[in-house]
Amino acid sequence: MIDTPVPASFLLLVILVLPFLGAMIASGLPRHARTSAAVLSWIIALISVGCLAVLWPRFQDGEVLKLTLAWLPSLGVNLTIRLDGLSWLFSALILGIGALVVLYARYYMSPKDPVPRFFSFLLAFMGAMQGVVLSGNLIQLVVFWELTSLFSFLLIGYWHQNASAREGARMALTITATGGVALLVGMILIGRIVGSYELDAVIAARDVILASPLYPVALGLILIGALTKSAQFPFHIWLPRAMAAPTPVSAYLHSATMVKAGVFLLMRFWPVFGETEMWYFVVGGLGLTTLLVGAWCAIFQHDLKGLLAYSTISHLGLICLLLGLGSDLGAIAAIFHTINHATFKASLFMAAGIIDHEAGSRDMRKLSGLIRFMPITATLAMVAAAAMAGVPLLNGFLSKEMFLAEALASTQTSALNQALPVLATLASAFSVLYSLRFIHTTFFGPPPTELDRVPHEPPSWMRRPVEVLVALCLLVGVFPAVTVGPFLRSAAVTMLGFDLPYYSLALWHGFNLPLLLSVIAMAGGIGLYVVFGKALNANPRGGPWGMKRLNGGYLFERSQVILMDLSQWIVRHLGAQRLQPQLRLILLTALLSAAVAAAGGFVLTWPEFRVPQPHNLAFAALWLAGGSCALAAAWQAKYHRLAAVILMGGAGLASCLTFVWLSAPDLALTQLVVEVVTTVLLLLGLRWLPKRLAEIHVPESEQRRARWRRRLDRVIAICAGAGAALIAWAVMVRPPVEGVSRFFVERAYEEAGGRNVVNVILVDFRAFDTFGEITVLGVVGLTVLALLRRFRPASDSLSQPMQKRVQDASDRAREGRSEGDTLSDTMMIPGVVMRWLFPFIILLAVHLFLRGHDLPGGGFAAGVALSIAFILQYMSSGARWVEERLEIRPIIWIGVGLLIAAISGAVGWIFDQPFLTSYFQYADLPLLGRVPLASAVLFDLGVVVLVVGATVLILVALAHQSLRRARIEEAEAEAEAEQKGGAQ
Amino acid sequence: MTDWQEHLIIGPIVLPMVIAAAMLLFDERRRLLKGGLSLFAMAAILAMALALLHESATGATGGGDTARVYQLGDWPAPFGIVLVADRLSTLMVALTSVLGACSMIFALARWDRAGPRFHALFLLLVMGVNGAFLTGDLFNLFVFFEIMLAASYGLALHGSGEARIRAGLAYIAVNLTASMLFLIGVSLIYGVTGTLNMADLAVRIPQIAEADRGLFHVGAAILGVAFLTKCAMWPLGFWLTTTYSAASAPAAAVFAILSKVGAYVIIRLSFLLFAADSGASAGFGQLWILLGGLATIGFGTAGIIAARDLSIAAAYAVIVSSGTVLAAAGTGNADVLGGAVFYLVGSTLACGALFMLAEVLNRGQDPGARSGRAVFEDEYIDPFDDEERNEPGLVIPAAVAALGGAFLISTLMIAGLPPLAGFIGKLAMMDALSGLAGWAGYGVIAALSLASLGALIGLTRLGMAALWARDDDAEPAVVVGAAEGVAIAGLLAACIFLAIFGEAGFAYADHTADWLVRPDAYVRAVLGGGS
Amino acid sequence: MTGFPANVPAWAALLAACLVLAGSALTFLGAFGLVRLKTFYERVHAPTLGATLGMFLILGGSVVYFTAAEGQFMPVELLVAVFFTVTTPVTLIILARAALFRDRTDRSGDGVRVPLEGECAGVVRTPPDLTTDPRRSDAPQDR
Amino acid sequence: MIRAVLPHPILSLALFGASLLLSGSVAAPALALALLMALAAPHIMRALEVEPVRVRRPLTLVSFAMVVTRDIIRSNWEVALVILGLNASRENRVSGFVHIPLEMRDRYGLAVLAVIITSTPGTIWVEYEDATGVLLLHILDLQAGDDWADRIKNRYERRLMEIFE
Amino acid sequence: MTQIVLALAIGVLTASGVWLMLRPRTFQVIIGLSLVSYAVNLFIFSMGRLRSGAAPITSKGAEDPALYADPTPQALVLTAIVISFALTALFLVVLLASRGETGSDHVDGQEAPE
Amino acid sequence: MSGAVFYWALVVAQLFLAGAALIGVWRIAKGPRAQDRILGLDTLYQAGMLLVVAFGVRTGSHLYFYAAVIIGMLGFTSSVALAKFLMRGEVIE
């Protein structure tokens, strides 16, 4: 191995990158630019071939060219373009056949198709293939490997308006991508064993790999990758379905290139695994099975492309079998057959495509006697088919001879080996049979009757690629050593090293056993066709005899359906759509995880018993009341919503008093005002909830289930309660820990200028929490507003409340009263009181706010108190009345509040201090004396403003719904009246 | 280091808040102004985030071996609240800004008109997310979680409609429950340790009296359940699918980051608090996170396969992504974590893009939706009821092809298939996992592989249904607004960028993981008194 | 915690304690009326004991105690007294009116014959035997 | 002029006192705040279009307050007895509604009356019709011979009318 | 004694609240959430241990932390109160909207299927 | 001695007030009609406020007094809202 000189690196880069570049350019071409896309692709393929040819002289001596571009060096993953004999050969196949396919496709594709896209995909695929064979890094190989799957998916699905194309594409992608993922894991394991993903290192580390316990797994995964790609049994099923692709794609991907990627991979790893037992049994065994199954199935196809597809499967099986044998000569034969298969199969596909194109059908039952209409094509096809059948003077014959020789050579060890010659001959006979059938039914016999048009020869340029390929078949078949010898040798050297075993590339090896088997196979094939030909052509049910159950498409669909059903089952039964089970699960998980955590070291410390102090009895009595409220609320909430609201308020009051009792005056104040607002809020909401209707009918079975659920919920509730109580108790009876609070208490007055430590924490030490908290409030205000703008009440809450309607009606009915009098009479006295309270509540709020820093109070309590003052006005006088007099724009309040808080926080920046740094000072003011001035108070002011805005917004927005309803009703009534008026 | 750089860290939190607050002073008619302000805000946040990211990758904080600490109110940790910009948090902030900026651009095409105060809610959501990533204080984390959730409630319900409200109700109920658990957990931890600062906690945990450790663990477990609910671990995360798939596209897209906040906290806390040297608490809960992560991957994958709709599949993709990160974190291995961090970034962007694509494609399937009005037929009031507006500029030519490409990229990202960033992340994780002893490594590898396949199968099916014609020659008709195209392209460009500069990105992620498993440096940075 | 600080004179402390105790007892008695009295219209009178004299006594105790303790007459309790006195009737007035309305629309109501709208018949008496039917559960229009 | 600065002088006075009480101090800052509030807060009442209270006979107010206090204390005693079942008419105690036509129309006067009646144990203001001026009371213990209309009108309404009208 | 009473209070509030949260009617859920948030507030508060008559309001020169109840949990509770109030309001509005849109006050917007 | 009398008097007073609160709760839970429940709540608030005052006297601290002020001034809001809801079916019209 030598460092690659610059020009060579450049060429390497070109052959990898150019196709992708072309793909990008092609994708940008206009939809109907058929010719320019083809020319572009053609140029790209030719340039690449040229580069490859320039590099050829270097590989005669087994040289390896490498160009490493760093991609993910820390993962050991690089872009290593590595060109050796084997990859040169494959690359040549890819580019060469690619060039021919491009030419062919130019004529094959309809002008109606978006052809540039086709060429774009084709070029991208070509690049991906190049990437696979040029990979010097295992992960890089996987990357391009998956890209080939991807682009083949796009190519198969090119005519996505056909269901078969869609399904074929999906199947191919599913199977080959699955293989790709397996391959990735396999490569990662190899990389783990070897310590490197570089191909050279891996091949050099053969012994290390084989000694590793991971090796069977790694090999298995890699083989899954290889075997899926090269359509080996039982993964072969995707290939026939992929025939829905345009024929150039089939010719290219499904005969010459993509399926050969699997073969290539096997060859790549052959030096490492080639002689292991597992390799032998898996690759050899599956290869043999595929060889036979593919051939057997091919016999029964009526679709030309189907026949070719199964034949391809069979030939790939043959190549795998050769590789699986583990012998050097087998490997050489495999390489040789790879080349040969590519040439004859590509030409056959193209021929089939021509027939399809010009005769309008690929169904062998409809086709007949085409030799009269397209003699040149027929000739070409016949030659290629003969090569496929292994007729002498054609390339297929040579590699088949090598195969038969290998089959005979390894008959010593196992039963498989002993059966090998027989099975090999049988498979050869089958291949003769289907080749013969292909030719005979298509080109011979009476002229076709069931075709829509008269077949004719294609445009000559469309035939050109076929001609080239068929010529190659002939040339190789006649002059193997001259034409293919050097390439084969350099590839074999890559796999086997320089001490190659003797092999002869000659047309004639004398009379020997392989030749005899060959003759038997030939005779057998012809004989079988003579005997069964009619039955095969007629076979009304289609499909291979005895393999009905192995219908690939059916199996795949089944597997997809099963996968779908399984997934749906999982989603349905291991998931939950409804809220209650979700909450149940969360609570259960929390309980269980807490229990598990506790089990690992939860120590209950029992405090020493102390006689309860008498005054605590009152506390106990208080909670007797509070607890009863909670339980009663739980009891009543379903049918007596109002009672539940009241009871909830009771429990809240008990919490407030607890805060008083246990040294938390700020909490008591805040909770109290919040309690009030919450009650009003819930009542505003209650307006829009239905009166409890008659019992919802619940069937018996559901009732039983519901009973069980209730039981479970009761258990969860009790466990949650018990757990919370236990934990709280366990902490409360422990001595306090020395935490951060000491700092707060010690510094509150000296450094933050406030005596109320809780408030100082809120507006200074941890002001950022408060900053966030008011934002939450603001956000909720906005959300509520947004929701209520679109609020659509339920139909049964649409109308005015019963009370209103009855009272208004009675007002209307009674002499001397007008609508609304009941309301105004009722609210007259309360209104006076509530209005006069307004300034006093403002006063209270101002005090709460100002004293907050030193005494219980603070911005939040002040803000809520202030909003209660507004709410009282709304309650006593109605929304319209208030809003005619006070301009309340809560959203602005929210914005201003947030801005004040932010600005007070940003003051710190001026002094290059962090956000929310506060300043305080005792200022001597005239008349007032020493007054503490803390900038945190400004922050608290922001809190007040925001809280007022958000609270009022939430409550008023809800309250306005009634007004809006009333307005809508008025409008509707008006419209109705108008309509009536119009009608009369 | 200049002065303004000192304060840079607070920018991603305060700036969106201030601009959102300023927006409230203008009414909804000042649409252009608000759109412009939003764009400006997102651009500025992005710039700040990138500056922070650059700094933690290279610059002033010593090549990322320490963190920038910002003591709010100038009170020292652990007493005051600190913001900590370390490798992980800055990365997450940068991710948020990219995703947020693209979602905002997407919304500008039309969604910002589907309900009031969209821009303010959106910016406040960004504020909450950034705060949650940057804070170094457990209770402050709660506060930012709440900001984020409160805004997300608003955005989830943005545009109204029955499906959204139904899903929103469950979403709120579940998250309120989780928030209660959060509070219980945090306060219990405070009750046992006396501190709320994360770094200080890390110092105190080894010293917890053995008699108290059980209580501490109970607190940690409850807290963990809260976070795991928010990052949608199975069986706690069923809310996610309904909510995200029902949400309007830009909201859902930006929500892709929300569940990651939970995952972020799990990573942050489990590596900070339960590191190897945290005494009897070392490795606490790790096994459960691992198992939960695996279950989540499995469930999410099944969900993608079973999904009937692209946006549902995208939601399940978010779940899979969460599960993957959790499982990786559950292994406790730095290399796996490095891969997971990289994966997290890519998959979040891709999920965001998928939500946008889902909306565009669903719209395309509905012939009546071309004008963009039929989407809201069920509305009480047409959200776009104001003056007729012209689609801004051009309709992208060959929209279907472009969307197909975009869809392909998203699929590859989410499935973690080559050659994009999703693959790099998975590769890095698998590479590291293959070196782990025990079943965990192979278990996670298997799960990741199956998840890839499941995502591929599921998304391919849905993508084919949406993008490939059905039995007639007509291509499916899709209209993409310019802003929408730009947004999707932006996200996907970021994905491609991540793949091309994978090494730099991965190196960053890997160093981040190394930094995370050495919590002493973090502790020193925070308690040692700033940078 | 079982006494009062030394700076408070004993007489003040004891006076305060007595006032508070008396007020509490009266308040309890008022609440007890909720148990003893049979109809809503009777019960609605009961809490006024606590709202008036009970409250005055307790607040008075507080004034006495804190004036003695702080050496300064600053009866902030006065504020509570005033506001509570003013606000309690507001609730009761609306509540009684609401009850009246409900009993008018749903005659079976509380078993009390309530004067109808516009009916101005001087005195409407409710003899004690016409009290609540204990079997009657919550009215249907309760939410 | 005074109107403009002090639209509600009584309110201002009350606010001043209340503010001092809330401050718990008569130091300069507390006085300043009280003054500020007393001057500023009443303006909101202007916005609410509230008529100022005018008390014509402050002395009557004082005597009236004493009457009310006495009534309340007495009623407390009576109602306590009723609750304990110790009242004179315990066997055939009758409660019921009483209609009383009122002449007073002043809002503030009526409000004070309502508060007094309701605060007095044993009586409650139930319904008042502004159009007719008829008040409906509920009385806990309707003893024979008691003329409630007379009691309300003479003891309270008359004096209130003197004060407010 | 105080500890036991408060622990039981927390337990009863939690149990009642949790029970209601698991009920199918939206209104039950909102009451349940409120009860649980009371419980949580008390729980947070209790984490600072219990002190009576020791409000953390310092007077000059007496800044010994041992004299005062732990102020930190109190500050946390204040924040929690505000946030839970806000979210209760939000939940209420959403449940109203849900009832309006779906016509049902079931938490799932429709009765359980059979 | 006088200390003990003071203490016990206030303990008993608090028990009275707690008892009043308990009765209020009983009335809330029992009903039978909504107006009774609201009355119960009113009683409960009243007892709560007085309990705060009594607690202040017992502990000699005026710090909690604002709680009483707030109940006194604002506590009626919720019961007024409830009562208005009964009367009109709507709190704010």
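Labels A, B, C, D, E and F are assigned to the chains in the order they are written; within every chain, residues are numbered from 1.
We take it that a residue touches a chain if its C-beta (ideal position, glycine included) is under 8 Å from a C-beta of that chain, and two chains touch if they have at least 3 such contacts.
This is a predicted model, so every value here is computed, not measured.
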Neighbouring chains common to subunit C and subunit E, by label: A, F
Any chain in contact with subunit B as well as subunit C: A
Chain whose Cα centroid lies at the greatest distance from that of subunit B: D
Contact-richer chain pair [C-F vs E-F]: C-F
Central chain of the complex, centres being mean CA coordinates: B
Centre-to-centre distance between subunit E and subunit D (centres being mean Cα positions), rounded to whole Å: 39
Inter-centroid spacing, subunit D versus subunit B (mean Cα positions, whole Å): 62
Gap in Å, rounded to a whole number, between the CA centres of subunit D and subunit A: 73
Of all residues in subunit F, the ones touching two or more other chains: 7, 10, 14, 17, 19, 21, 24, 26, 31, 34, 38, 40, 59, 62-64, 69, 71, 73, 75, 80, 84, 86-87
Subunit A: positions in contact with at least two other chains: 577-579, 583, 587, 613, 615, 626, 640-643, 645, 661, 665, 686, 689, 724, 727, 731, 734, 736, 739-741, 744, 766, 769, 773, 776, 780, 783, 787, 790-792, 802-803, 807, 826-827, 829-830, 833-834, 837, 840, 844, 855-856
Multi-chain contact sites of subunit E, meaning residues that touch two or more partners: 21, 43, 46-48, 52-53, 55, 57, 72, 76, 79, 83, 86-87, 90, 94-95, 97, 101, 107-108
Touch list for subunit A against partner subunit F, complex: 614-615, 617-618, 621-622, 624-626, 628-629, 632, 635-636, 640, 642-643, 645-647, 649-650, 653, 656-657, 660-661, 665, 668-669, 672-673, 675-676, 679-680, 683-684, 686-687, 800-804, 807, 823, 826-827, 830, 834, 837, 840-841, 844, 848, 855-857, 861, 865, 868, 871-872, 874-875, 878-879, 955-956, 959, 962-963
List of subunit F residues in touch with subunit C within their complex: 2-7, 9-10, 12-14, 16-17, 19-21, 23-24, 26-27, 31-36, 38-40, 42-43, 46-47, 49-50, 53-54, 56-57, 59-60, 62, 65, 68-69, 71-73, 75-76, 79-80, 83-84, 86-87
Partner subunit C, residues of subunit D touching it in the complex: 18, 21-22, 24-25, 72-73, 76, 79-80, 82-85, 92-99, 101, 114-115, 117-127, 134, 136, 138, 140, 142, 148
In the complex with subunit B, residue positions of subunit A that touch it: 27, 70-77, 117, 139, 142-147, 150, 153, 157, 160-163, 166, 169-170, 173-174, 177-178, 180-182, 184-185, 188-189, 191-192, 560, 563-564, 566-568, 570-571, 574-579, 582-583, 585-587, 589-590, 593-594, 596-598, 600-603, 605, 724, 727, 730-731, 734, 736-741, 743-744, 764-769, 772-773, 775-776, 778-780, 782-783, 785-787, 789-792, 891-892, 894-896, 898-899, 902, 905-906, 908-909, 912-918
Touching residues (chain side subunit A, partner subunit E) in the complex: 577-580, 583-584, 587, 607, 610, 612-613, 616, 619-620, 623, 626-627, 630-631, 633-634, 637-638, 641, 644-645, 648, 651-652, 654-655, 658-659, 661-667, 670-671, 674, 677-678, 681-682, 685, 688-690, 696, 699, 701-702, 706, 713-714, 716-718, 720-722, 724-729, 731-736, 739-742, 744-746, 748-750, 755-758, 761-762, 766, 769-770, 773-774, 776-777, 780, 783-784, 787-788, 790-795, 797, 854-856, 858, 860, 947, 950, 954, 958
